[in-house]
Amino acid sequence: MQRIGVFICHCGTNIAATVDVKAVAEALSHEPGVVFSTDYQYMCSESGQTLMREAIREHKLTGVVVCSCSPRMHEATFRKAAEKEGLNPYMVEIANIREQVSWIHKDMAEATEKAVILGRAAIAKVHLNKPLKAGESPVTKRALVIGGGIAGIQTALDIAEAGFEVDIVEKQPTIGGKMAQIDKTFPTLDCAACILTPKMVDVAQNEKIKIFSYSEVESVKGFVGNFKVEIRKKARYVDEDKCTGCGLCTEKCPQKKVPNEFNMGFDTRRAVYIPFAQAVPKVATIDANNCTMMKTGKCGLCAKLCTAGAIDYKQQDQIVEREYGAIVAATGFNPLKPDKFNELGYSTCQDVVTSLELERLMNAAGPTAGTLLRPSDKTHPHTIVFVQCVGSRCDVENERGKSYCSKICCMYTAKHAMLIREKYPDTDVYVFYIDVRTPGKNFDEFYRRAVEQYGVHYIKGQVGKVVEENGTLKVQASDLLSGEQLHIDADLVVLATAVEPDKSARSIATMLTASMDTNDFFTEAHAKLRPVESPTAGIFLSGVCQGPKDIPETVSQASAAAAKVIGLLAKDKLTCNPCVANSNEMLCNGCSSCEKVCPYGAITYSDKEFRGPNRTTLIRRVATVNEAVCQGCGACTVACPSGAMDLKGFSNRQIMAEVDAICKM
Amino acid sequence: MSHNKNAAAVEQILRSSGVDVRKCMRCGKCTATCPAFDEMEYHPHQFVYMVEKGQIDKLTASPSIWRCLSCFACMERCPRQVEPAKLIEAVRLSVIREKGANHLKPEDIPAMLDEDLPQQAIASAFRKYSK
Amino acid sequence: MQDVKEFRPTIVAFCCNWCSYAGADLAGSSRLVYPADVKIIRVPCSCRVNPLFILRAFQRGADGVIMAGCHPGDCHYTSGNYFARRRMTLLFSMLDYLGIERERTRVEWISAAEGAKFAKTMNEFVATVTALGENKRLEDLRCKK
Amino acid sequence: MQEMMKNRAYALLENGTVDRVLGWTRGEFAYDMTPAVFRNADEVKNGFVYNDFCAANLSKYLVKECRAGGKILVFLKPCDTYSFNQLLAEHRIKRDMIYVVGIECFGKADVEKIKEMGIEGITGITAKDGIYTVSTIYGDKAIKPADVMAERCLACKSKKHVVYDELIGNEGEVVEDCNRFDMVAKLEAMTPDERYEFWRGELSRCIRCNACRNICPACTCEQCIFDNPNSGVSQKAAVNSFEENMFHIIRAFHVAGRCTDCGECSRVCPQNIPLHLLNRKFIKDVNTFYGDYQAGEDPTAKPPLGKYEKNDIEPGEAGGAKE
């Protein structure tokens, strides 16, 4: 019989206000095996833990039940405390009477009754708990970063700095991501390229970093410390090792009419191209969909011109298998395409552009060499209207947009307005806003400068309609503070479109078995305390893939993720989850049912000798679980008809004991 | 809103319209969209705000409720699904019902017809002026 | 037996640790109310739920059993919920075949971000089971006090 | 037929291909043919019997025999070969220790049906020219085999062997329109209340004798969970209505996707509970939800519960039966 101690946490008033904690302690003290039962204000506090440790010592407890918050919160805390007192940590169970009781029930009698039942279930389970010992597994000392934007770059650089190998997988031909397309950065207005491209070069030159550009993650197997990843290197029809990046092919290719995605389609590029001058790796890529040679077999000009002999029309996609100890998701974002907002005229008027498009229109390396010209007639716009929150902050039921605030738009719009007024003082700039959100160092000062120093017209209200009439954009908008409806003749309208996670993130999350929220942002392990980790061990989050962020925040999170990765890779061995499957060889039929449902290939079979009746021996095929590989999902336990396969910590009998305790009325 | 002296009227309007005024984030897109802006004393966003504040008397007394075209542009464009047009209609109906009579009868229509009048306007007129 | 007291069902909810249990935590921290009749048992994955546990619950007097796991494709263990889905599909179909009310069993995929869905699902399920009344077809009377 | 089989047994024992023979012998009653192992030609000569009452599926006995070593000859009817394959797939038997002789089958007789005809005190049954002559203490009676054919044989799914080393008699065909799911469909069409009454009527007769489990070629666990005191669900006796329901549901679930529908469970049930209707429900559901699957047909096929599709039907959508 176990000697069980029960501890009821008040959690201040979080629990005690709704649950009669004294009554719960009293009720549970009569349960079989319970030798000590008490309540305390904060069990997770130092003194609460001391209370528990003293009780373990004094009452020679063999098992502990803490009725408190979710085990996802403090199970580890209490298990550690028990371990310090020499009790096996897996002899501690939590009854969740906060999230599952006090926070959701109002009636004290009802809540108290439920708390007692949950306590009983935990006690029933502890009776069947066995001390568990965690195994160990080795750590592959290399990290994978998925995405080569500023987030991925920073994470990779920091990890490499600590002396570990890092691979970056980037689906585009070059790293750099969205930041490479941006003109200037707020609130300091330094040029994005000037601060980004040196980092890109650092990545290229770092011996610890290997870039898989124009590549995608194909599959992910394994678990923390031991991931096996297949990377698809898409055929770029150019030998990366031979190409010198001289750019001759990209100048001579006769196919000139391909819309240039780097410049948001405002100009064209060739079928063989290098996205931009500072691309890393600086290697040409043939766009097979547009290449005449690839389509018709006639041309081959680039191959003739290339002195390095790098062009290879027969190149195939290549699958590379690599092993990693940790994986960082840095899949980034895209601006929402505002084509569902018909009233704003994006699809019908050329001079209605998104903010990212404006970045290219203002960039010295952009299609207009930095002169702001209207896309339609290449004239200087004199009246410019900015519309905030396009597709952000929509109702969750609204299919046109996202429910969240995209966070960066207020600041980049202030930047745009300021830059335009600085460069073209004769321009009238209007910004229609719902709220101006500028929390951040020097952010509000920046916004105020746009208003006070640069005379940008900030109007509280929204644009309701944009129509084009004879080359002028008729903007109808509200000015809520004056109660007017405004009619502005604008030359250019800029939509601050919402950011949304890159489309590839969903499938990557599935491969990583990392969870995502309803907006397809990766979920963090804890919103406050573990913001750069996924709940899935060994998966880390960097940048906008976790939620909207500006560059400084992205970079800090990228470094934070790197620190977490370094912490992991610095270990030689990882302590495994001891709650793994194990096979009772006496009961095992060797039928292979379990093996078929194991996602990790953790189950193997061997013929073993057993004692048969009448002093005979017989050889039976039985299953063995590799405890370092098993992750403890339990799929095998249900596939097993004989009950030979069971899960430590969540055994059939433990779960049934909980069922019985709950149903016993 | 129970502290409001117009609580019953507010409750009635919210219930008959099915609108949740608290969803409004005061962006003003409804008003920016409104084609009858110049005709209206109170504008769509103000309807939402004033109902929330319980200023029903001002709204029922205002010609605005008869000027709204019921074109639903505000509903269509609202990013928060607040649906001001439904609210305006609810206020209007509360007035019509109180007076106990339709403001527009089918027999009145032929005299008012004019060649350019879109049929939708007739449907809209019934919506506005009849119970 | 039951007196005139209002019938309150006993409901066992098996929740996977990674999604649905976290969803329940989120429902809790968001203070989304659902009836106290629901008692949650934490399992590592929906694929840990043995049909035996479900029958056991009914045998011991549960009036409804719900299993909640990660959305298909989002399983922490890659494929657990796919197997669980097949198992439960067959088991529930069998229970139905034996004439046991189908509404007493339910499977729902609830992610860690869906606290609201968790509460909504539990409210619905409790209402459904309450409407069905006491489970008479599946319980073992010996276990009833 | 019996003589041909005996001759093959002699020959294979003689040339050392096998060292024993798994077949049938006469049991306590004239119609009671029971599985038996024959170790030499003499035992075969004296004991081996084969007739229309040799219904038992011999596959399961091979699990034990394979542990004894040597090589064994087994006679398998078409439906038995499915069980054989399934056992192979689950590594319960070793192919190289077994010599399979497939035997042609026209369906087996069900002695219960003979008894139902009012024939009592049976002392012997002989078959000649397509007629059974039943000797009783009251005299001989002649009956037509078709009138007393076992239910499971009337709905035979296949007369084709899926595995054998040699064949005696002719090879048959898979029966495409065997109608074996008719009764399942009929039950599905009932209301839940009707179904509940039906099953309560059937399962309440269960005496938990475990005959169904013991005969089942899919139930070859080293120790059944219902016998294992450590499993937490072992039961000594059925005390009330749900005990046996739970046993039968779990048993059906454990063999789901593995049951070849050989029908042995219903054959041996002393209470005549149509247990095969539980297994057939799972087979029908698997076919409907996940595509046709016949356990034992292909020993390399993945079982339906050991695989999945990303767009599998949801438990809530699986209509199965009428509400």
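Going by the order they are written in, the chains are A, B, C and D; count residues from 1 in each one.
By our rule, a contact is a pair of C-beta atoms (placed from the backbone, for glycine too) under 8 Å apart; a residue touches a chain by one contact, two chains touch by 3 or more.
Only a predicted model underlies this, so the values are computations on that prediction, with no experimental measurement involved.
Peer 1: Go through A-B and C-D and name the pair with more C-beta contacts between its chains.
Peer 2: Output for the comparison: C-D.
Peer 1: Approximately how many whole Å separate the CA-defined centres of chain B and chain C?
Peer 2: Inter-chain centre distance comes to 46 Å.
Peer 1: Could you put a whole-Å number on the gap between the CA centroids of chain C and chain D?
Peer 2: 36
Peer 1: Please report how many Å separate the Cα centroid of chain A from that of chain D, as a whole number.
Peer 2: 54
Peer 1: Could you list which residues of chain A touch at least two other chains?
Peer 2: Residue numbers touching two or more other chains: 597, 639, 652, 656.
Peer 1: Which positions in chain C are in touch with at least two other chains?
Peer 2: 51-52, 56, 73, 79, 83, 87
Peer 1: What are all the chain pairs that meet the touch criterion?
Peer 2: Listed by label, chains in contact pair as A-B, A-C, A-D, C-D.
Peer 1: Report the residues of chain C in contact with chain D in the complex, numbered from low to high.
Peer 2: 51-52, 55-56, 58-59, 72-73, 79, 82-83, 85-102, 105-107, 137-142
Peer 1: Considering the complex alone, what residue numbers of chain D touch chain C?
Peer 2: Counting only chain D, the residues touching chain C are 184, 187-188, 192-200, 225, 233, 239-243, 245-246, 249-250, 252-253, 256, 278, 281-282, 285-286, 289-290, 304-305, 308-310, 312-316, 318, 320-321, 323.
Peer 1: Please name which positions on chain D make contact with chain A in the complex.
Peer 2: Contact set of chain D toward chain A: 67, 89-92, 220-225, 228, 230-233, 254-255, 302-303, 305-307.
Peer 1: Can you list the chain A residues touching chain B in their complex?
Peer 2: It is residues 343, 389, 393-395, 397-398, 400-401, 432, 434-435, 460-465, 476-480, 483, 485 of chain A that touch chain B.
Peer 1: Show which residues of chain B lie in contact with chain A when the two form their complex.
Peer 2: Residue list for chain B touching chain A: 23, 25-34, 37-38, 43, 45-46, 73, 77, 79-81.
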